[in-house]
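What follows is a pair of complexes built around subunit A, which joins subunit B in one and subunit C in the other.
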Partner chain A sequence: MAFAGNNSRALPWALVTPALAWTLLFFVLPFIAMGLSSLTAHEGGGFTLANYSQFFTDPSYWRAMVNSLEVTAIVTVISILLAYPFAWILAEQVPERWQRLALMLAVLPFWTSYVVRSYSWLLVLAQNGVVNRTLTGIGLIGEPLQLANTRFATVTGFVHFFVMLLTLTIFANLKQLSPSYRKAAADLGAGPVRTFLHVVLPLTLSGIMVGAFLTFVLCIGDYITPQILGGNNELVMPQLVMMQIGRRGDFPLASALSIILMAVVTIAYLACARWLKIERA
Partner chain B sequence: MRAAVRLAAWVYAVAVYGFIFLPVVVLVLFSLQATSFPIPPFTGPSLRWYQAVLSDARLTSALVNSLLVAVLSSLASVTLGFLSAWGFARFVLPGSAILRGLITLPLTVSYLIIGMGLLVLFNWAGVPKSLLAAGIGHVVINLPLCFAIIYSQMGDHQINIERAARDLGAAEWKVLLMITVPVMAPAIFAGFFLSMTFSWDEFVISFLLTRFETTLPVEIWNLLRSGLNPKTNAVGSLVFAVSIVLVVFFELTLLRRKPA
Partner chain C sequence: MTISARTPLSTLKSHLSAACAAAALLIAAGGAQAADLNALIWCDHSDPALLEPFEKANNVKVNVKEFEGTGAGLAIVEQSQPGDWDVMVIDSIDVPRGVEKGLFEPLPEDKLPFADLFPEVKMDKSTIVDGKRYGITEKFGYNTIGFNKTKVDPADMQSLASLTSDKYKGKVAIYDYYLPVIGMAALAIGKKTADLTEADLPALKTELLKMKANAKLVGEVTASQTALATGEVDILVGGGEWVTAGLAKENPALDFSIPKEGAVLWSQSLAMFKDSKNKDMALKFIQYVLSPEGQARLATSSCYWGMPSNTKAALTDEQKKILRFEEQPGFLARAQAYPAPNADLDKKMQDMWTEMLQAQ
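After this line comes the complex of A and B, so read on.
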């Protein structure tokens, strides 16, 4: 639905140009600058592919990418497995009038600051933190466990965040399902388990995929959680990028690593998009 | 059987709620610690760490900076987003789909990479690190969001109201200010509110693009260098309280808008 007024040439462009200019100037141009920077040498400038070859030849850099992918995969799977039953309980078992409150409570810690949330897990998992004090207190373990500064801590911090996010998306998905599907399945003689496995689960699968993709993108690009909870024992890609800037001011290498990270996310997006399309057909 | 399922569901739900609330409860509880370490045993309650936060000039000025950046960058995002959404929804423009795709593209890129790109560009162009630079970055991440929210809410029935106003002789700017903006108010408000919360909590772009004057998340990050500290608990609890007030306010105003 559109119309053509007498000033229809100038006005629409005047409306959309500021937003377009902003995006070109502060999103596209920086990206080009980063691309050019990644092709220059840190010392002395000049065109080089060394920043990229460094990533592919140095095993410690390569290791960071593997760590990133492993942590992201683990977090995505655990978060979905925890969030799906939880969202199902909220949507099916909690009485209708309490659902809004139950959901709001379930995502309340979502509103703490992201940095503070990771710090809070540090309090829980520290050498003399709540978990270790409780376990030694009841005599379950003699010595405190090393929980902070491990991959376990990073995964726990991430899962905490993404369980809340996925509960929201899966809950919305379950509520959108028309009850007539379930009635039809029941009329045709399917029990609750079969109805769930053959009707409800397939119908919510595309929503799960969207949530999984969101988790993947946010998780693999995050610097805060691995830095606070994982420490420096086992680096992930964003930590490697920040290290190049912080310690050595090596913008070209940091640019190259950012572009590699972005390429991986793009590949995941393309893989996911194709999968979703097949689902819809 | 039914009762067993219900019991299992309850146990599971309580366990997940416990997991979700564990860090927040620990954070708030030990912000009231009377001694210098936020670890068991609990020695409070005491408000000394809240006092320490409120008398810390660095933290309070970072809080003001954060509010300033959040409000101004959200205003810019929602203005640019609204104008472009209106332009694309009401007029036929050549290459419209591609241009709309361009505006929403930053949504698919992580904050770290957006911040890195701006850092490289500003470094190259000689733009100094500042709150303004961070604010520009916040508009980059929030403009696509505002655009997407407002664009998706521009339906046909609103066009008819605008057309009626034009038929009655209203100038284009009058239609915009007196018809479109009031009709689109819920979407505009939602875009502004979301931008505020994202800017308020944004860390990595501000971390990369500011130096001396900085925002609250970066200042909290600097506090973390001193290890576990009840002061960090106190400032974290305060931020949480402010967010809860905002969310409850938002929920209530949204609920009120819904037709009964």
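After this line comes the complex of A and C, so read on.
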């Protein structure tokens, strides 16, 4: 019996060990290395806080964080506003037998390479691209607009990607919602709008928040989209990190900037932690 | 506050970094053998048209790892084991940085075709340290004005002042590499690239901000090349034959000028690692790249074209015409080397560049 008891205690540990080892090897150790690196000088390797003070005292570094937060906030809000109705139509209006196909079509752009998709947007938004040609063709504008190499282009590229992600999380949430909630609301005299605002929306808030948090994390840490579509006309944090590595091999400063970025993500997590639950409240 | 002594913190950090780097190298090395030649290179060296003839002739596999920028290259070396790498491509002006770190082996001048090189690109001030030569220039060109001659007045492209004139507002892209473009800004304000000091930074910044105000984008190699080729912009600040020559067949309207103020000469060198386990093969590789055939292949690499440093490069007449081979003596006479700041000035220049990028 003692053996069985030990075994029952050991089994969960045995099962969780690969995940723990993975996390230790590929997150905890690199994170500690990065933390220590951020406290060392680029030349000489001695202890220094200069890498952090550089961020807090140099306005162009600060500006990168402000740009990151602004772009991320805009992308997250627009993505939610577009994804929610889309997910609702998929979950509520599309017949059950077509939902799988509709969902697959909705996430089809996921199947293309992220880089290829960004370059495709560059061509679409270029001076001679589809958008400008259409607008000039129908006489809405006389001269092509500058759409590519702007924040607008970066936001467009991001939104295209994250609407799909948010649609999936919100759709899953809507499908889990029992129809009896709406029936009960109707029985109590609530109309469709009131039912949505006071029943459906609050109960799907966790799906929105999970998607929004994923959008925030992925968007604020993304290098490819702003690099390709933003035209380097403003820098976001991941571009600033890459500049330190690519140009000067300054891993300590890159580490410090990465840790600051992680701190912001942690704050965002804490801010919406109450909604980030796996089970329904 | 900076303490330069070795601390327990930095020791622990270096051990952890080494562990992470070792894991990454194991993955990256992917079965490389000691007999292989391991080369840290720029993208022009990964063209099979360049490498395969050497591999076949010497029955050796050349393992390449691409990098951009000396800082990134030296960081890769620092995270590697001594002997992992045999040869490296490096900006000629940065050869002393590698020598200071004790990385490079002196090159045997008698076994390399120094007599055949364009004299102006031997870059002795950079490639010779304490009387020993550590690098040999293999390719060069100009960071200058690349443009579409059907969209702009070619006469305007003979002056750097055009880059900041209202006439071309929104028609300009800037190559995203701080040293050559800062060099061009220096030329525009009448400074010599070799004499730049911290006192020049305010004037350089003003000039850079004027360029940025006229620019539609600041792009790395692919982005800036694409912008010029697709007509998104008509002028590329920092462009040159490395942008226009490779696209000459598809887009003959692309051209470059060496303006009256001058241009910035870029020059890349090959160096051999002191700890190479395969020095004979490394030397053979350098000899091959500097040979007339190797030079022609490197000059017309699919990644980017550039002038071969060897005057005897086996280029076709058409290739020479595209590269404006015959005009080189005149171009070289007006070109100035990349700025070569010390570490402190280099950091300040990069911060100024970041500021320029962030400027609205």
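Going forward, the second predicted complex is superposed on the first by the 249 of 281 C-alpha atoms of A that agree within 3 Å, B and C clash if a C-alpha of one lies under 4 Å from a C-alpha of the other, contacts with A are read in each partner's own complex, and residues count from 1 in each chain.
Convention: contacts are C-beta pairs under 8 Å (C-beta built on N, C-alpha and C of every residue); 3 or more make two chains touch, one makes a residue touch a chain.
Please read all numbers here as calculations on a predicted model, not as lab measurements.
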Touching partner for A:L29 - first (subunit B), second (subunit C), both, neither: both
Contacts of A:P85 with subunit B and subunit C, given as first, second, both or neither: first
First (subunit B), second (subunit C), both or neither touched by A:L49: second
Contacts of A:L145 with subunit B and subunit C, given as first, second, both or neither: neither
First, second, both or neither for A:V130, with subunit B first and subunit C second: first
Partner touching more residues of subunit A, whether subunit B or subunit C: B
First, second, both or neither for A:G231, with subunit B first and subunit C second: second
Partner chain(s) touched by A:I245 [first = subunit B, second = subunit C, both, neither]: both
Which superposed partner A:W121 touches (first subunit B, second subunit C, both, neither): first
Partner chain in contact with A:L203 - subunit B first, subunit C second, else both or neither: neither
Those residues of subunit A which subunit B touches in one complex and subunit C touches in the other: 29-30, 33, 37, 122, 126, 128, 228, 245, 251
Footprint of subunit B on subunit A - complex, ascending: 1-5, 7-8, 11-16, 18-20, 22-24, 26-31, 33-34, 37, 82, 85-86, 89-90, 93, 104-106, 108-109, 111-117, 119-124, 126, 128-130, 133-134, 160, 163-164, 217-218, 220-224, 228, 238, 241-242, 245, 251, 254-255, 258, 261-262, 265, 269
Of subunit C, residues touching subunit A in the complex: 1-7, 9-10, 12-14, 16-17, 19-20, 68-75, 78, 170, 176, 178, 216-219, 223, 226-227, 230-232, 343, 346-347, 350-351, 354-355, 357-358, 360
Contacting residues of subunit B [partner subunit A, same complex]: 6, 9-10, 12-13, 16-17, 19-24, 26-27, 30, 38-40, 80-81, 83-84, 86-88, 90-93, 99, 102-103, 105-106, 108-114, 116-121, 123-124, 136-137, 139-140, 143-144, 147, 156, 159, 163, 166, 172, 197, 201, 203-204, 208, 216-217, 220-221, 224, 228, 232-233, 235-236, 239-240, 243-244, 246-247, 251
Subunit A - residues contacting subunit C, complex: 29-30, 32-33, 36-37, 39-41, 43-50, 58-61, 63-64, 67, 122, 126-128, 146, 148-149, 228, 231-235, 240, 243, 245-251
